[in-house]
Amino acid sequence: MAKPMARSDATLASACDPQLLDDLVAANRILSYHGVLEAYGHLSARDPKHQDHYWISRSMAPALVAAHDIIALDLDGNPVCAGETKLFFERVIHGEIYKARPDVMAVLHNHSPSLVPFCNSDTRLLPMTASAAFLGDSAPVFDIRDVDDEGDLNVCTPAQGKALAQALGDHCLVLLRRNGSVVVGDSVREVVRRAIFAERNARQQIEATALGPVQFLTASEIAYAKRVKPKDADRAWRLWKQQALNRA
Amino acid sequence: MAKPMARSDATLASACDPQLLDDLVAANRILSYHGVLEAYGHLSARDPKHQDHYWISRSMAPALVAAHDIIALDLDGNPVCAGETKLFFERVIHGEIYKARPDVMAVLHNHSPSLVPFCNSDTRLLPMTASAAFLGDSAPVFDIRDVDDEGDLNVCTPAQGKALAQALGDHCLVLLRRNGSVVVGDSVREVVRRAIFAERNARQQIEATALGPVQFLTASEIAYAKRVKPKDADRAWRLWKQQALNRA
Amino acid sequence: MAKPMARSDATLASACDPQLLDDLVAANRILSYHGVLEAYGHLSARDPKHQDHYWISRSMAPALVAAHDIIALDLDGNPVCAGETKLFFERVIHGEIYKARPDVMAVLHNHSPSLVPFCNSDTRLLPMTASAAFLGDSAPVFDIRDVDDEGDLNVCTPAQGKALAQALGDHCLVLLRRNGSVVVGDSVREVVRRAIFAERNARQQIEATALGPVQFLTASEIAYAKRVKPKDADRAWRLWKQQALNRA
Amino acid sequence: MAKPMARSDATLASACDPQLLDDLVAANRILSYHGVLEAYGHLSARDPKHQDHYWISRSMAPALVAAHDIIALDLDGNPVCAGETKLFFERVIHGEIYKARPDVMAVLHNHSPSLVPFCNSDTRLLPMTASAAFLGDSAPVFDIRDVDDEGDLNVCTPAQGKALAQALGDHCLVLLRRNGSVVVGDSVREVVRRAIFAERNARQQIEATALGPVQFLTASEIAYAKRVKPKDADRAWRLWKQQALNRA
């Protein structure tokens, strides 16, 4: 199924930037530690030098990923090095989003536990605090039934992947009806941050809903957050990395 | 109380398939690690070569089960080897389901925390994601009061066990009013998977209910899931086994 | 404040039954491990040979209790051995219940997290499963404001303790308005079991309430449970003890 | 940005009281262990001898704070020793509260998970048990939008800090609309205690609300709690410290 590329390409791409590789492995552990990823789901990073390649683990549980499990795929989901066969069957999500969104450098598909209730509800996921301002004026919802009558919930064909990328639009997170979410960002670290804060926001929104009407970020607060980067984002990354790697 | 069988039978049956034995022990640890089992509840596997025998631990907490605790019972709940006396008093659940469902190779009775609210409610447990599609168009509910006036909630007599098996029908999971649930499958690993995803589905359904009307899997999605096996089911099993055994 | 007793009495009482002592220490750890006890709360056991004495730890966090921290008090809360000064200020709860209930051999005061919502609600705590059948046709609620205008919420005077014992009546658990609960039983192990299952029942009742009307144990089921002791109660005790002591 | 002070001042202030230093480090660990602090948030203690200085960690995750990370700032947020540059950008919260409240000796800004729902709701946070009596007749809520049109949610300017201090008034805890809470007290230990019990109270209030109308502390109970200090407050501190430091 996976078509090997020419050797020269493979040689070029086989060297993942060490920092990026380290971040990818750490991110898999961090997201598992925080319960954002469990047995399923996957995280990728676009190669900064070969923008039509991305790095992702072989098909395996994220908590068990080590550096030697990270391989390169092209944007059609073919492995850059011949012989790789353990590929995520939903990897089309990554390729189609990288095609549609040149700004995106990392993609995560997960089934974050507190997001699932919002995947199956008409209640919109909205930002409660500045940390979740990236949700904007609400996360869009993609329903695979709009493009496929078959009944499968997984996003496996290019047509399904393209439709998902279209539903994502220029947002940072899209909910998949009955199938979790996809988070994108300009780096692995930004995606990790968004996924963790999305999960927290979802839980707090569920609890706030039990108390009565909920007050979300105002339009000016969302606009402000879009203009200004999170202050000291690496403070969280450093903590999370230490916690996750110490436990592993 | 337990009637020993003839020696030749015992010899035949005393050799549990090593892989099955390993799975049974791991499954007891995994279900404890995930909180699906706590002090009570029990898991069995039908012997693939002697379909009228099944393997189950002695009466003990699942988290403490080791290989030498696994014994064989016949479908009437008698130990295959004489002298076994520490038997689960609700073992009739296993025997009666194996009698009624030749396709079933593993049975679990548990009190999974998020399922209990559904055991005592008219709100039906319904699938939120593909992982819980095995719930079909809703899990049936068995009420022991329909077959017994005494007041005991435990399923201990053959008549009670038969009634429970009838309530299960051809489903994969039956809720027991005021007494947890029973999950069945074609292997130990399938039962473990179903029990863990049933617990998650229940929790997410409770939370989604707090947000408003909930959208469950469609009929075509449930039908699709019945036709197609979960992709890469062992990915989860490998992760769960490593987590549970590392902690033990 | 604490009046030392005569020496001969002290000598008699200073030997706590080793099994009881071991159970008391283990119970403090188990209840901490399960979150039923945290920094505050206390557990006592009546001395089986000197029924007007009971054993309890010095005033300290239950998770830190060791055998040498267990001391004897008389039913008025005086230490049997002179010189003990670190006494729980709510120990009157234990003495007054032992006076009022000759059948009670162990008493626990705690602020089990899921019980607190029921302490401050008109919604009654009712049994969801056989494990919580000891709640009967609902746990009574004691309001210290009925006997004291001062405003203190702690049960510190004999009059307050007597009123609490009266509210308990012949039940196994009484909720204290705005102050947690008291659980009693015929042994340390029974009290531990009841406290853990009360906490679980409360959590599951809160979640079931979110789903709609809740079906509790029927009158015949409650009556049955009163006639029949829990089957294999020590299975849970053994598991809990191993978990709690391994972690300590 | 930070203006160094004269050398003599620095020398005076550079010696933090060893007990206070130990408490500050332990408190950062304890609050992280209990989930009250995660990557963000900060805790400070006013210097008892130089009341216009306070001690706080450099800008970092609280779980990672060690003694050598604690530095002194003046009430305008300038470091007492020249050269410190890793300063919390919301440190104005601490200085302005110390200016407005001479009785306050410790300040904590956090995003305690169960408090966030109350930050974004008109449902008031009210005391359920004696441990949370410090909430009084309800925690006030500060909305930065009342003093700033820009859209930033962080409290970074003196004007914003002053407005927050005014909203706090003579209370012990103020909720920040869409931005967590601030807790104050007469010592680091008191602030830790209040923050942990506020989190628990919030969680229990959310759950109690699901059961129906909630009964909170009465006016006489709140008044009593204001007159009487918590009994044996250090019991909790000792437990929490041991738990948090053992885990670190």
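Order of writing sets the labels: A, B, C and D. Residues in every chain begin at 1.
Simple rule for what comes next: a residue touches a chain if its C-beta (ideal position, glycine included) is under 8 Å from a C-beta of that chain, and two chains touch if they have at least 3 such contacts.
Because the structure is a prediction, the values reported are computed rather than measured.
Asks: Find the chain most remote from chain C, comparing centres computed as mean CA coordinates.
Replies: Checked the centroid distances; the maximum from chain C is A.
Asks: Taking all residue numbers at the chain C to chain D contact, is the shared part over half or under half, that is, same or different?
Replies: Different residues, largely: of all residue numbers at this interface, under half are found in both copies.
Asks: Can you report the angle of the rotation that maps chain B onto chain C, using C-alpha atoms only, to the nearest 5 degrees?
Replies: 90
Asks: Can you check how far apart chain A and chain B are, centre to centre, with Cα atoms defining each centre and the answer in Å?
Replies: 34
Asks: Where does chain D touch two or more other chains at once, residue-wise?
Replies: Expected reply: 210.
Asks: Each pair of chains that touch: what are they?
Replies: Once each pair is checked, the touching ones are A-B, A-D, B-C, C-D.
Asks: Which residues of chain D touch chain A in the complex?
Replies: Going by the criterion above, the answer is residues 38-40, 59-61, 63-64, 89, 111, 113-114, 116-123, 145, 149-154, 177-180, 206, 209-210.
Asks: Which chain A residues qualify as touching chain D in the complex?
Replies: Residues of chain A touching chain D: 128-131, 200, 203-204, 207-208, 210-218, 220-225, 228, 231-232, 235-236, 238-240, 242-243.
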